[in-house]
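The two complexes that follow have chain A in common; it is paired with chain B in the first and with chain C in the second.
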Partner chain A sequence: MKKKGRGMATIMFGFGYGEGFPDHSIASVEIEKNGKILIRTAAADVGQGVLTVITQIAAEVLKVDPDRFYIIQGDTHLTKNSGSTSATRQTYFTGNAVKEAAEELLAKIYHYASLEFRSNHPQLGVEDGKVFRHDDPENYLTYWQLAEIVEKKGERLYGEASFFPRTYAPDPETGQSERMYVAYTFLTQVAEVEVDTDTGLVEVLKVDSALDLGKAINPQNVEGQLEGGTVQGMGMALMEEQVIREGITLNPDLTGYLVPTALDSPRINSCLVENEDADGPFGAKGVGEPTTIAAAPAIANAIYDAIGVRFYELPITPEKIIRALKEKEKNAL
Partner chain B sequence: MKESAARSGNRQGTSGGDFKDCFRPEDYFTASKYFAPESLKEAVEILEGYGGDLKVLAGGTDLLVEYYERLYEVKGWLDLKNIPGLKEIKVFEDRIEIGPLVTHTELEKSENIKEYYPVLNRAAADVGSPQIRNRGTIGGNIITASPAGDLLAPLMAYDAEFKLVSTRGERIVPVGQFFTGPKRTIISSNEILSRIIIPLPGERTYGSWCKVGKRKALIISSITLALVVKFNKERVIKDIRACLGAVAPTPVEIKEVRKRARGKRIEDLNFSELGELVAERISPIDDIRGTAEYRRDVAREIMINALEEIAEKAAE
Partner chain C sequence: MTGIVGSNFLKVDARDKVTGRAIYPDDIYFDDLLYVKVKRAPHPHAYLRKLDVSKAEELPGVVKVITATDYPDLNKFGLIIKDQPVLVGIGEKMRYLGDALAIVVAESREIATRALDLIRVEVEELEVISDPLRAMDDDAPAIHEDGNILITHYLDKGDVEKGFAGADIIVEREYRTQHIDQLPLQPEAGVGLYDEESGVIKLWVATQWLHDTQADIAQSLGLPREKVRIIQPAIGGAFGKREDISVHIHLALAAMATGRPVKLTYTREESMITQSKRHPMIIRAKTGATKDGYLTAWQVEVIGDAGAYASSSPAVVHKGMYHCTGPYNVENVRGVSHAVYTNNTYSGAMRGFGTTQMAFAYESQMDILAHELGLDPAQFRLQNAYQVGSLTPNGQVLSRSVNVRETIKKAIEMSDWKGVRVE
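This part shows the complex of A and B:
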């Protein structure tokens, strides 16, 4: 028989290294001669899209087409420390470092342009890679023209910044801290499952998600992370299990150690809650790891709703479900 | 050309240094022979000459995985791909003959297989993934003889026979005698499986297929059930085959089901009792795909479900 159930879980996740660790990121942005703008960062893009995100951020600050940018990434000779791609921290840390570097550069653009236009910066505007006086917008300098002028003075149109927020170690007695992590991401998910009581197989039909992420700098990217994280969490809930007998792992490969396939994946609806409540770039918070956490408890709750059995150990395999149903039947007699 | 192939195949990397006394990649590669004959006659002659040293290759989805990173252990390959006729599905008056190189995808898409052997058709659709179904073959599935091979229980339920050829002639072996243990069959090292012969099931034959696996694709079955029931005009059961995979060293038919159900109407059968019978008669083991206890529990339930499904279909 197939039984349906619905379960909910809410999680919070403090991201960044936190706990007083000297966590920071350094980035620079420079107007190059070739009509390009160069960002330097050591942030590793492992597929999560941090390079897309920082390009958007710099383009937003400098009011210029994202296509103008190129990035030197993760070169120990040419970049400075950005910290690891871990702890859900790159959008927040490197995003902020790039934003501040771009702002530093923008200030220089205003400064040198004000000398050229013999004006004060409030009377100047920037748009589409051009700087101009509001009273005469047709008479503009492109950033690259300005860079050439500045170069003749022996200067560069270059901004560099370090984002280095403070956190504090927890009190060893109470576990409390003034600021344990830089910010917290919240996620609530409702999972709908169907449990086959004959085989113990669980199908996750649908997952509705509300992710409080401050600001979605790239909404499609965020949805991708949310969907991928949810399916990963679903794998932890139902499949991922290292089987060890007498010290030997019996499933040391992906034939035996299972993660969900596309066919196992549920429909996932995403609602992105944008409160801009954090000190991240444009109010953004990290979303990587938080997206993997809520699925398992939500699915466990949904299974309870479907068959009335609580599980306290993951993964909830078909065997465990069948055994639990037998127990339940026995106890009911 | 030869040299560069050898070099690219050598994963140790041999740039620089003096290798006079070392292992030479060339030796390594000439050691493995490859044949792709253009007739069955030629193929069995090659096989006769090399005996057990050759691996017979169809789709390679099992063999190349089994020998992953130790292909050098295989002394030679006999690739069947150039032999005409091995990829055909032929319909005769009383039977269908399937060539061993027919892929799972072809079984899945073939109108004849769909019409006459829906259980085999659905089992083929449940194999691995689209990529594996495009390469993997019915012959390979049979010869690999995994207890969990998805096509094996359906072939058993439809009373298939296998034609084996060697230089000494050919023999036809019923599916029930073919499998002798996990990954073991009665085929000799000088024989090739050349045909899968399945009698046409006739009217009023109904089938049910169930594959239980821990996920929906790319999964080795925890348990499979192929149930095929033939009725006469009076809606009495003429024959019934309950065959299971992954619950014993070989795919098995639970013959007691036949004894109990033959000559009765399906509505007069006690489904729970037959489910229990199946659960008792299988001999599953504990492994990463399921415990023995789980397999017995599930075998019982899917047997009951399969009987209900067929009762419903037969009533239409």
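This part shows the complex of A and C:
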């Protein structure tokens, strides 16, 4: 028989290293002579999209086409420390560092342009990589023309910044700390499942997700994180286990170690709760890790709703479900 | 040119990845490239007594076999605690099946693989500790010199006794989670090249933290940091698994020893056995609530299986504990967490960093309480959830961006959840 159930989980995640551990990111933005703008960062893009996010941020600040940017990253000898791609921190930390570096650069653009235009900041505007006087917008300088002028003075159109917020180490006896993590991301998911009581198989039909993230710099990438994170959490709930007995892995391959595939993936509906109220760039918070956390408990709670059995050990495999249902039947007699 | 933030701007690496132009470490070739394979421990807990590599060295096509004897001054490595050996030496201990005994460098991957089988190893076996509860016994053999409990943390806010005394219902359960592999699509891989003139070792290899990995490699080899240059090719996923050292130091040694470019790519099996796992956790949770559905006290005990080496364990297990109440107001909280060494594949960072396991416990507790109190689980969550001004178990005041109640309300709407009124 197939039984449907529904379960909810709400989670929080404190991001950044926190606990007083030094945590910072350094980035720079520079107008190059070749019509390009160079961003330098050591932030690793492991597929999550940090390089896309910082390109969008710098383009927004400098009011210029994002295709103008190129990035030097991932070389110890050409970049400064950006911290790790972990702890859900890169959008927040490197995002803020790039934003501040771009703002520093923008201030220099205004400064040097004001000398050229014999004017002052309030009379100047920037748009589409050009700086001009509001009263004479046709008589503009492109950022790259300005960079050449500035270079003749022995200067550069360059901004560098770091983002280095403080947290405090917890008290060793009580774990109390005035500021443990820089900020918290929240997520609620409702999972709908169907349990086959003959085979023990669980099908996740649908997951509704509402994510409190401050601001989505790139909504599609956030949805990608939510979908990937949810499916990864599904693996934890239902099938993934590296079985280690007496120190020996019994299933060190993808035949014996099952992961969800596209065919197992449920319909995932995403709602991004955007209040732009966090201290990340444009009010953003990190989303990478939180997106995987709610799925396992939401599915476990949905299985309980479906068959009335509570599981205390993950993964909830078909074998465990069949065994539990038999026991339940026996106890009912 | 505004409105780029908030738009679905195409990922900057998308074109290269879908057209196959993106270069991953295993895609890098040199004409005189050599291939590296690593001889791993044959037993999860044992002293290395004899290591005979002579037959492997005699195999045609084998260029070099490196053991600890060749590099006696290597320092141990590790993210937080430097407890992991680059190569296990004679008389030293292997602590899990991923420990390296020898590095084979050969003209082809096949020859290097064949040479591994020609290496003869003799060990003195010790008791294998696979269960962290056994590791905590007084009579359990110490896996590391300072004992098996790697680190203990405490949490104490308010007065839990008072909190439980004021509860109408108390739910106490034990939860267990499993070893999980982060399973990035691309297994560990890299290419190394040593420039004798400058003394710089170039490594094309992935890491989640470029400069920290550089520093760890350099200290292990006893070199200044600028002598180790890491260049990141495209990274095929990570999820925490690329925080630890994998191929890096072995590649550096092979490059220095041969003076030729070298490549090391793990098999999936090697990746699963050798590199970090999500911590299995035993979580004992006790939660008290009033009959009208408000939480009064929460207590947890957490035991995390760190496996053979520390990796991120000194940060993961208690981060889980610090999240023990989930996003709910609880005045009285107490907790203790232990990270414990075993002879299992070591645990490290994986998406959620200890809080993923904890969420299974706290959200199960919440569900059980709601059902026992006869309350709708969504309503129960909603009325206990944080808002601006709430205090976390660490006593941090949440001063801004606390929209958890809004997420619950949205999820209720989206799923057409019955039985709860949203004002």
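Rule of thumb we're sticking to: the second predicted complex is superposed on the first by the 330 of 333 C-alpha atoms of A that agree within 3 Å, B and C clash if a C-alpha of one lies under 4 Å from a C-alpha of the other, contacts with A are read in each partner's own complex, and residues count from 1 in each chain.
Quick note on the criterion: a contact is a pair of C-beta atoms (placed from the backbone, for glycine too) under 8 Å apart; a residue touches a chain by one contact, two chains touch by 3 or more.
Note that the coordinates shown come from a computational prediction; the quantities given were computed from them, not determined experimentally.
Look at A:T317: by the touch rule set out above, it reaches chain B but stays clear of chain C. Of the two partner chains, neither chain B nor chain C is touched by A:A101. Of the two partner chains placed by superposition, only chain C is touched by A:V64; chain B is not. Of the two partner chains placed around the shared chain by superposition, chain C is the only one that A:I293 touches, whereas chain B remains out of contact. Of the two partner chains, chain C is the only one touched by A:T10; chain B is not. Which of chain B and chain C touches more residues of chain A: that partner is C.
In the superposition on chain A, A:L146 makes contact with neither chain B nor chain C.
In the superposition on chain A, A:T79 makes contact with chain C only, not with chain B. According to the touch criterion, the shared surface of chain A, contacted by chain B in one complex and chain C in the other, consists of residues 243. Interface residues of chain A, counted against chain C in their complex, comprise 6-14, 17, 19, 42, 44-47, 49, 51-52, 55-57, 59-60, 63-66, 71, 73-77, 79-87, 127-129, 170, 172-181, 183-184, 186-190, 192, 206, 208-212, 214-221, 229, 232-233, 235-236, 240-249, 252-254, 257, 259, 269, 271, 273, 275, 277-279, 281-283, 285, 288-290, 292-294, 296-298, 300-301, 304, 310, 312-315. Every residue of chain A that touches chain B in the complex is listed here, in rising order: 198-201, 239, 243, 250-251, 255-256, 258, 260-264, 317-319, 322-323, 326.
Across the complex, chain A is touched by residues 1-13, 44-45, 96-97, 128-130, 153-157, 173-181, 183-184, 206-212, 214, 225-226, 228-233, 235-240, 242-243, 268-269, 272-273, 277-278, 315, 318-319, 321-323, 326-327, 335, 342-345, 349, 351-353, 355-356, 359-360, 362-364, 366-368, 377-378, 381, 385-386, 392-396, 398, 400-404, 406-412, 414-415, 417 of chain C. Of all residues in chain B, only 129, 212, 214-220, 222, 287-288, 290-291, 293-294, 297-298, 301-302, 305 touch chain A in the complex they form.
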